[in-house]
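Below are structures written as structure tokens.
Two complexes, one shared chain (chain A), two partners (chain B, chain C).
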Partner chain A sequence: MEAKAETAANTINIDGQEIPFEHGQTIMDAAFAAGVYIPHLCHRPGLTPHGSCKLCTVDIRNRISASSTSDRRRQTKFTVDADSRSVSACTTPAAAGQQISSNTPALNEVRKTITQMLFIEGNHLCPSCEKSGDCTLQAVAYHLGMLDGHFPQFFPRREVDASHPTVMLDRDRCILCELCVRASREVDGKNVFAIAGRGTAAHLIVNSPSGKLADSDLETGDMAVHICPVGAILIKEQGYEVPIGRRTFDLHHLGEAGLEKVVLAKTVYRDE
Partner chain B sequence: MNKIRIATTSLAGCFGCHMSFLDMDERLVELLEHVEFDRSPLTDIKHCGPCDIGLIEGGLCNADNLHVLREFRANCRILIAVGACAINGGVPAMRNHFDLRSCLEESFLNGIGVENPQIPDDVELPLLLDKVRPIHEAVRIDYYLPGCPPSADEFLSVLGDLLAGRIPALPKKLIHYD
Partner chain C sequence: MSPAIRTASSEQLSAFIANTCSKSSHLLHVLHELQHRFLHISPEAVIEVASFLDLPPSQVESAVEFYSFFSTVPHGRFDILLSNCTSCGYTANGQDLLQLLCDRLHVLTGKTRDDGLVSVDETSCIGMCDHGASLLVNGRPVTGLDAVKIMRIAELIETGTPFENWPAEWFDISDSIRKIGLLLSEDITAGNGLRESLMRGIDGTLEEITQSGLRGRGGAGFSTGMKWKFCAEAEGSAHYVICNADEGEPGTFKDRILLQSHADAIFEGMTTCAYAIGAELGFLYLRGEYRYLSPHLEAVLARRRVQGLLGSSILGRSGFNFDIEIVVGAGAYICGEESALIESLEGKRGVPRNRPPFPVTHGYLGQPTVLNNVETFVAAAHIAQNGSAWFRTTGTMKSPGSKLLSVSGDCAYPGIYEYPFGVSIKQVLDDCGAEDVQAVQIGGPAGTLIGRSGYKRIIGFEDLSTGGSFMVFGRKRDLLDIIVNFSRFFAHESCGFCTPCRVGTTLLKNAMNKIAKGQGTQYDLDEMERIGTLIKRRSHCGLGQTAANPILNGLQRFPQIFRQRLARGDFEPSFDLDAALEEARQITHRDDAAAHLE
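Right after this comes the complex of A and B.
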């Protein structure tokens, strides 16, 4: 009986499935280890969670055991389960007994809307992008069944930086996930990238005297070069080495366990 | 029993979606037992009559595109945006990075190999819009068929659903944007 109680104390429940976790893991970590896919764009195991893309939003039911009648959400016109709370799975620590909803029609519809906003805010023209088929944004959109952008297109004009001999930066496709910022800072130890500006003026900047990639410390082998989930940071002269139809998400589903590690391992292999 | 009437057109597109439609090959024969075509490049009928389904390829790049799109919306019970250009502007929308004037100057005045440079301004030419736009920004669209181009299977999936009286539900494995 004691052993059973201990097990229950160290599990969370996602969509009815009991999932074990270790102290210090986030909900995303525990789900990832158990092979449960929670859609996400700005997260990568091993890097500090960022919690900005909000695709990994999940509902936790008993996070507050009892809500009072003064709870504001009780007074809104929307039907809200007042005992549930929406959190980012990548930044919220797993805690014993959490009852979590993730793969629900309502949450997936919200995720699809977020993805549509990412598409219309930039210039995501898949037919002309060499990342097509390897692009996580595209694969997430497929996963969520996105057919159109729904909102009016922004068609922003953003700067391309092709100054670097081997790396290309096309800000048209940047979704500001900061994966390259974190990879450069935490793994490469270089601090090449940062986000400047706010709101629709937010954009990726390069840490060099001229602001150009060519004058930065960036090298082809850096994790920051390989981690981009979209076609914003590309390695030159290898865009079509793998033909369309044989690419990562042509052959694999996003939710496959260990896929992200495979992607990283593959890029390391290529550089050797 | 009356056949389902379908109209099709290509606005700011490349006719690739129409070619892909024809890729259904011998399955066209069975489809044609249930449908007939009104205005379409396949029939060369110039104006759209009352139809059940309108398939729109391409986005909006000029005033004529908008005129044709409105004719389709007025006549088609169900209007479907077909392909990347209709849905988000697609490759033609890459001109949105530049002013319209600089696009025209590059094409007709300063481009390599241009002879007798002049920007066309005949009254019969439809005026260009300042930006290429997806069609759902101008009229209500009932369904979307992504892809560049959408595969013949995608066309058959959606038309099959509509012919059977179902709300179209494209299987996820058929969804692609390239």
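Right after this comes the complex of A and C.
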């Protein structure tokens, strides 16, 4: 009896599966450690969780006590699904006994719509993009069965920065996940990127006197250069080297353990 | 004065920034002074500020681009912003005053005139809803606009008349208090509440506030006593008190009246809180639209310092040290969200944080922080002075006390009404002289749109919770236009952090425009409902979670206003294909029949 209580105190339940967690872990951390894939774009283990892309949105069933909903801002009269609440798995601490829905048709439909939003707000032209096949946005779209952008395109005009000798910044493809922002600050020990602006005008800026990459201290070996989940930050010296059919997501599934390293070093298949 | 004067050499710029920082090194303050002096913030200024404040240039640049009141291109020497709110906006009296002013001054909206004299643009609600159509000229509000006044303003600008020679009464903003209740019927005697609190002691004060049942007046309704208690118990190197005076919800102006006429009560409430949680520093975050109130507030703070109600050893109690700084925002609705406000106070973009942790444990500079609404602090000061039992004599079981409502729109007597909680919508409508009402928007665009069947509902946390906005829409109003206006508002104010809100609010705005133009079909209504529901449930913060409310409420309660605008058929594209061919026609110099669609 006591042992059982002990177990329950240290597990969460995702789609019927009991998953252990340690104090301090988020739902995403616990799922990741157990090999359960929750779709995400702005998250990378080892970097501060961000919670902005909202692809990892999951539903947690409410406890019987209604206290958790009573103070939510103006929500009481208009809850879409009163018996559960929506959270980001990457930023929400795991807590004993959480009953979580993740891989359900309804949630994957939500994720598909969010992915479509990301596609149509930028200029994503997969066939001509070097990142095609290595692109996490594209892979997530395939994973969720997304067949079109669905919404009218925004066709924003965004600046390209080709000033740097080895790195290229194409803001057309930026999805504002801030992985490069965090990687530069937290891993590279620099501070090359930031987000400026507001709403749909939000955009990636470079922290240098001219605002150009060439004037920043960015180097090819920086994690910030390699971490981009889309084709917004690309290395100039090499391009289209790996043939279609041999690219990351031709060979790997999104939820594979250790995939981060594979995506970061995308040219390792060259001689295979 | 020629535009050239506003272009500074780098030495001038450095000297100006050094001088500005000597008064306050808060980033928003420095950026405001630069904008005010040079009419824009140049890339050189960004670099200078960054080096002077030892910040990354990207942080300064991102702040400049985030807040509406800063610009990277020069504005006019007369910089005019007309409110686009449905109550104090430029179409509030049925005429397009923005167009009128632009035509008169030969200027395009959002584009500075070539001679640099004037720029005209629109801005979100400036909180003058009880005074009709309103604008800000170089940050000063001018209210009660009509065509005649607009013409005179254009004339004064065209002749370069300095503000001293404008009619002084134009800049007087009166308090239109229509009904007084628990809080407005008596003013606090400066220091009285504090003396009572000192006698009660820290635990006694926390207990008194908790016992009163006071809940946050911003609309969320969290127990104030509990919030203070959690913060008092939280460990940190310092504790902070923040007053949220970023009253941005369209249709709300009750904090403006409190700031203007009851500042002592606000500061007394903050100081009481400081005593209870052990804070030595507090901030009042004033929305940029209310900057004109800042000198008055500074004067009250100065007097309270002289009275021994701020500073060291307050009221002679050794160890009770507390002071308050005023920080002025710069045009961002999102900064009314508590964690976005804290980010803004820290000199960053106003992007809401992930929670947990909450501000009570990790707030300003990561330290335990109490953040309350202006009205909450006023109520707390009264409770400190008069006790919790007095407070509980009014209101309902779940919502003790009173609520200040900002009533505006189609009614005879717009203004501030203080009611006990539990008052019905019908009562308010009767009192404010609203006749032939079509709908009421409770709590602003983020709140609830109700029709006749909802007038028996009550104001209170158990039913209609509100920050205080109460907008009345008469029969003659086009309700669909109102919803179009609200959807534009949210798309403009979304901070851009999370995908559902950033993209979704623009999708909703576009869809509403399509419906309004008569090009929508049932498909678009279904799509709006689907997207609206998703944004509501999946967004990062309260802005996104409420942004779809006007549309969802409208679809549910006023379906006919949408249906009567629908085009026939199942689907209409969202763009005009023939118009899209115009560029191609121009390039090929063709305009024959075959170059057009049928």
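In this text, the second predicted complex is superposed on the first by the 242 of 272 C-alpha atoms of A that agree within 3 Å, B and C clash if a C-alpha of one lies under 4 Å from a C-alpha of the other, contacts with A are read in each partner's own complex, and residues count from 1 in each chain.
By our rule, a residue touches a chain if its C-beta (ideal position, glycine included) is under 8 Å from a C-beta of that chain, and two chains touch if they have at least 3 such contacts.
Note that the coordinates shown come from a computational prediction; the quantities given were computed from them, not determined experimentally.
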| item | value |
| --- | --- |
| Contacts of A:Ser128 with chain B and chain C, given as first, second, both or neither | first |
| Touching partner for A:Ala214 - first (chain B), second (chain C), both, neither | neither |
| Chain B versus chain C as contact partner of A:Ala34, first or second or both or neither | neither |
| Touched partner set for A:Ile244, first chain B, second chain C, both or neither | first |
| Which superposed partner A:Ala141 touches (first chain B, second chain C, both, neither) | first |
| Which superposed partner A:Pro152 touches (first chain B, second chain C, both, neither) | both |
| Chain B versus chain C as contact partner of A:Leu176, first or second or both or neither | second |
| Chain B or chain C, by number of chain A residues touched | C |
| Residues of chain A at both interfaces, chain B in one complex, chain C in the other | 120, 152 |
| Chain A contact footprint on chain B (complex, rising order) | 81, 84, 87-91, 93-94, 96-97, 131, 133-134, 136-137, 141, 143-146, 148, 170, 172, 175-178 |
| List of chain A residues in touch with chain C within their complex | 49-55, 57, 71-78, 80-81, 86, 88, 91, 93, 110, 113-114, 117-118, 120-121, 151-152, 154, 176, 191, 193-202, 205-209, 211 |
| Chain C residues touching chain A - in the complex, by the definition given at the top | 43, 47, 56-59, 61-62, 64-66, 219-222, 332, 349, 354, 356, 443, 446-448, 463-465, 491-500, 502-507, 510, 530-531, 533-534, 536-540, 542, 545-546, 549, 552, 574-575 |
| Chain A residues touching chain B - in the complex, by the definition given at the top | 119-120, 123-129, 132-133, 138, 141-143, 145-150, 152-153, 155, 157, 244 |
